[in-house]
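These notes open a run of structures that come right after.
Each of the two complexes below includes chain A, the first together with chain B, the second together with chain C.
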Partner chain A sequence: MTKGAEKKQRKAKAVAEKKETTTTTTTMRETVKLISMEGFEFVIDREAAMVSHTIRSMLTSPGGFSESKDGVVTFPDISTPILEKICQYFYWSLQYSRGKETEFHIEPELTLELMMAANYLHT
Partner chain B sequence: MAMYIRVKRMKTTYFIQCDPTETALDVKQKLFALIEQPVSNQRLVLMSTEEILEDSKSLADQKVENDAVVALTLRKDDNEFEDVNIAQPTDFSIS
Partner chain C sequence: ILSLQRVMKSIEFEQGWSVMETGVAKLSRILEELPEPPFLPEEYMNQYTTIYNMCIQKPPLDYSQQLYDKYSEVIATYNKDTVLPSLRNKFDEYMLKELVKRWGNNKVLVRWLSRFFDYLDRYYIPRRALPSLNVAGMKSFCDMVYQEVQSKAKDAVLALIHKEREGQQIDRALLKNVIDVYVGNGMGQMEKYEEDFESFFLEDTASYYSCKASKWIQGDSCPDYMLKSEECLKKEKERVSHYLHVATEPKLIEKVQNELLVVVAKRLIENENSGCRALLRDDKMGDLSRMYRLYHPILLGLDPVADLFKQHVTAEGNALIKQAADAATNQAASSGGVQVQDQVLIRKLIELHDKYMVYVEECFQQHSLFHKALKEAFEVFCNKPVAGASSAEILATYCDNILKKGGGTEKLRDEALEETLEKVVKLLVYISDKDLFAEFYRKKQARRLLFDRSGSEDLEKSILLKFKELLGGQFTSKMEGMVTDITLAKDNQISFEEYLSTNTNTKLGIDLTVTVLTTGFWPSYKTSDLNLPSEMVNCIEAFKAFYATKTKHRRLSWIYSLGTCHISGKFDQKTIELIVSTYQAAVLLLFNNTERLTYTEILEQLNLSHEDLVRLLHSLSCLKYKILTKEPMSRSISKTDTFEFNAKFTDKMRRIKVPLPPMDERKKVIEDVDKDRRYAIDAALVRIMKSRKVLGHQQLVSECVEHLSKMFKPDIKLIKKRIEDLISREYLERDSENPNNFKYLA
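On to the complex of A and B.
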């Protein structure tokens, strides 16, 4: 093999390896599933769910909750619109912590239920 | 993360982090990691305008903004795409 060809091959291999690591990071990008009272499912990034201290401890406590293994958390007391609003809040919170200053809009009719859920979730 | 969109099908909502410069195809690839449906079997419809998103165009070009709701439809056995189907929680309440 000539030196040039060898170099080319090595480069191709490096590119292939790099590709492999990027695909693993995308599949590794962990998500968790939150399930509402009515059985609606919200698939969100793990880092977003971690905004809630309650969910964080469910997902990280060693051996305690089954949630920490399969990443599925069921909330039989939280209705679907409230749980969706909470997920939106998680993402808003991530954006806000990265310096994007926007308002978080809450419909007045959701306020009470949302406050109760937020209290439970330590959010 | 510059923004996120809410991709909905039936009773499931996927929160997908993305950038306005990414294309609809990029979003489909992210969905592939979650639902294991090949990108060619996915169709995304922006709910505010009911327009089907084109793979090659960026999200910004197609007016997909932060917090936008996008419906996901999948290819059926007869090769056609199913209709938009997003369940609402009120469908199940006893009134």
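On to the complex of A and C.
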């Protein structure tokens, strides 16, 4: 792995772990795992993931998922930096809806891909 | 960079569709309850992503339309190949169960497929204004499956309902689910439910109950029939809550009510043996309450019941009146007997009113129709005369009996008295000639007050308050004035006595008590030119002088006919104090100067009318206490009789009251009231015309009647006469263009 990629990986994990508000004692169903095309795993709150309509539809389909399998979704079409940004967006969206009005900064080079991913995820 | 990647990864339709087919097949297996693991997230996302990718591709690779068509096709195929066959081979209850299952399945199918094909819903569908995935999916089921089976299903449901009505247990949950199918296929509207199910259900219900009604009405008594009806209505309401749609309830109840109650209403209510009449006769309050409950929600349903109630009460009242009239004619000889009958009648009328008021309050829930019926019934017989006396007079006498000494005040306790007075006033409401009652009451009240015969001052005031509350201050103003006069007179008397003691030159030799009355309040009494004995003349002069010191601008008219005298009669055996009227005293004192007097002599000396003198002499010589002896000793007075002081008279008492039977005031009261009525009609007519300026004949008459209705029911002919009179007195004129109209002349 290149130095840049390593750095990114560590950063991604830090972000995910920082945002992880669940403790180890909660059940698996409180979180979902989103996997990028490179295989990076982002474990985020279920509530955050549900900001995406697509993910929400999947998680609430009847008769779909058993208790033991919490949502693990692979996105072979979404790169890691995009997926990372999207997870950040989920949390920012929750905060905004609770009244904390801050800006969400998007690096310009990510814009196109981010928009397409957002369309796909219906976010 | 990604777009390049995307182009590289473009999907062919067949390729993409085969992925979807896998998903659909899996879904089918799950629905058919075949052993199949549930969808994994990857599988789900794969389905979704496939559709997504196929839709975002640039044309001609944008497969949105084909995918939309395929979606509908998939569902239609599933319905045709799987769902319909499974329903066609089942019947009755089994078919219903299968339908419910298939309906549930369809919802699941549509939901899953919609989620896979979700992307279409976001852009393609709204842009083309096509039915959403959900709508398209549900419609497919509706058009293909529902349409085919709904009629059979409806028949099956009705069969089950019939079973339940006949007392058997059925699967209510199943029916509820089936009803949901009908409702659900309406896609938000109730049309399917109403047309395909409800209308048939209602018709079926109507014929079911029509049948039952005809059967039951033949054999059942009214109470039994009502019980059954009540039970049926209850069960049908339960039916709705268990499995029908709530909107059906009012329609259902109406149908059932119509068959069980409306169609047979006449037969049921008017049933000779056990219908309304019989129930009233036998005091069956429970059954009557039920009848009320059953017919209350039906438009005009209570009218016949109220009518029969009114007829019944009227008949009961009339019977009481007849009873009193018959008893009166049987006891025509003794006037006291007639009196008692009157009083008994009033008491019975009060009891009747109390009894049926309870019916109105409890059986008929205070419904206005029944209040009205009771009122109208009482108005019929409360205005019938008994033995020549109007109801107004009878009621006034009843009041008099309660309020005078020796009447109610000694026999009953305060609360009981108050209650009785309340009830008396209630009866007064029904009497149309209230002014006549007022006049009789006033006359009797005057006698009570003037001759100190009132039992309780508080009660006198209390009853006036009740009259006032009911009929207004105008009704009671004169009566209240009378009571006040008596109180003032007592104070006045004290001043008079002080005056006498301070003015030592006025020696009366007689104890004099004077009561000054305000003319307007009291009934009219005729003054007479009686020649007073000299002893009394002094007294009159003394009082006149006293009164002049109090006020200069009033004129006193002396009503000797209302006075009372206490005379010491020095008879041979012993002295007896006689309590007589002033007139009687005047006659007796003549015999202080002469032993014998002829009728004519007495007449001349006293300056009385024949009518009065005959009465006086009769009371002194022909009744129980013969203070004077008469020659000849006949029972009636003739103008040729001679009278002598009866020195031999005695009695075991030391003081006796020699009554002077009062003149029959009935005629006079009626005359006075008639006169007042003429004035009242005139005043009302003028008042109406003044405010309306122009009015038609009919309207004027009817408004006049309404104005006066509080006090009496005016005779239409009399009103017409008064109108003519007012025209001649130039208060009104006939309209020249329209002779049927009148104009007010200022």
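We take it that the second predicted complex is superposed on the first by the 88 of 123 C-alpha atoms of A that agree within 3 Å, B and C clash if a C-alpha of one lies under 4 Å from a C-alpha of the other, contacts with A are read in each partner's own complex, and residues count from 1 in each chain.
FYI, a contact is a pair of C-beta atoms (placed from the backbone, for glycine too) under 8 Å apart; a residue touches a chain by one contact, two chains touch by 3 or more.
It should be emphasised that the depicted structure is a prediction, and the values quoted were computed from it without experimental measurement.
Visitor: Answer with clash or fit: chain B and chain C placed together on chain A by superposition.
Guide: fit
Visitor: May I ask you to decide whether A:Phe104 touches chain B, chain C, both, or neither, giving the answer as first, second, both or neither?
Guide: neither
Visitor: Which holds for A:Ile44: it touches chain B only (first), chain C only (second), both, or neither?
Guide: In the superposition, A:Ile44 touches chain B alone.
Visitor: For A:Cys87, using the defined touch cut-off, is the partner it touches chain B, chain C, both, or neither? Pick first, second, both or neither.
Guide: Once the two structures are laid over each other on A, A:Cys87 reaches chain B alone.
Visitor: Look at A:Val73 in the shared chain and tell me whether it touches chain B only, chain C only, both, or neither; answer first, second, both or neither.
Guide: So A:Val73 only meets chain C here.
Visitor: Thinking of the overlay built on chain A, is A:Tyr96 touched by chain B (first), by chain C (second), by both, or by neither?
Guide: neither
Visitor: Return first, second, both or neither, reflecting whether A:Thr31 touches chain B, chain C, both chains, or no partner chain.
Guide: In the superposition, A:Thr31 contacts chain B only.
Visitor: Minimum Cα separation, chain B versus chain C, post-superposition (Å)?
Guide: Superposed on chain A, the two chains' closest C-alpha atoms are separated by 14 Å.
Visitor: What residues on chain C touch chain A, complex-wise?
Guide: 2, 30, 38-42, 44-45, 48-49, 52, 56, 108, 111-112, 115, 118, 122
Visitor: Help me check something: in the complex, which residues belonging to chain A touch chain C?
Guide: Residues in contact with chain C: 54, 57-58, 61-66, 69, 71-75, 77, 112-113, 116, 119-120, 122.
Visitor: Spell out the part of chain A that touches chain B in their complex, as residue ranges.
Guide: 26-27, 29, 31, 36, 38-45, 48, 79-81, 84, 87-88, 91, 94-95, 98
Visitor: Report the residues of chain B in contact with chain A in the complex, numbered from low to high.
Guide: For this pair, the touching residues of chain B are 1, 3-4, 6, 11-15, 17, 29-30, 33-34, 66-67, 87, 89, 92-93.
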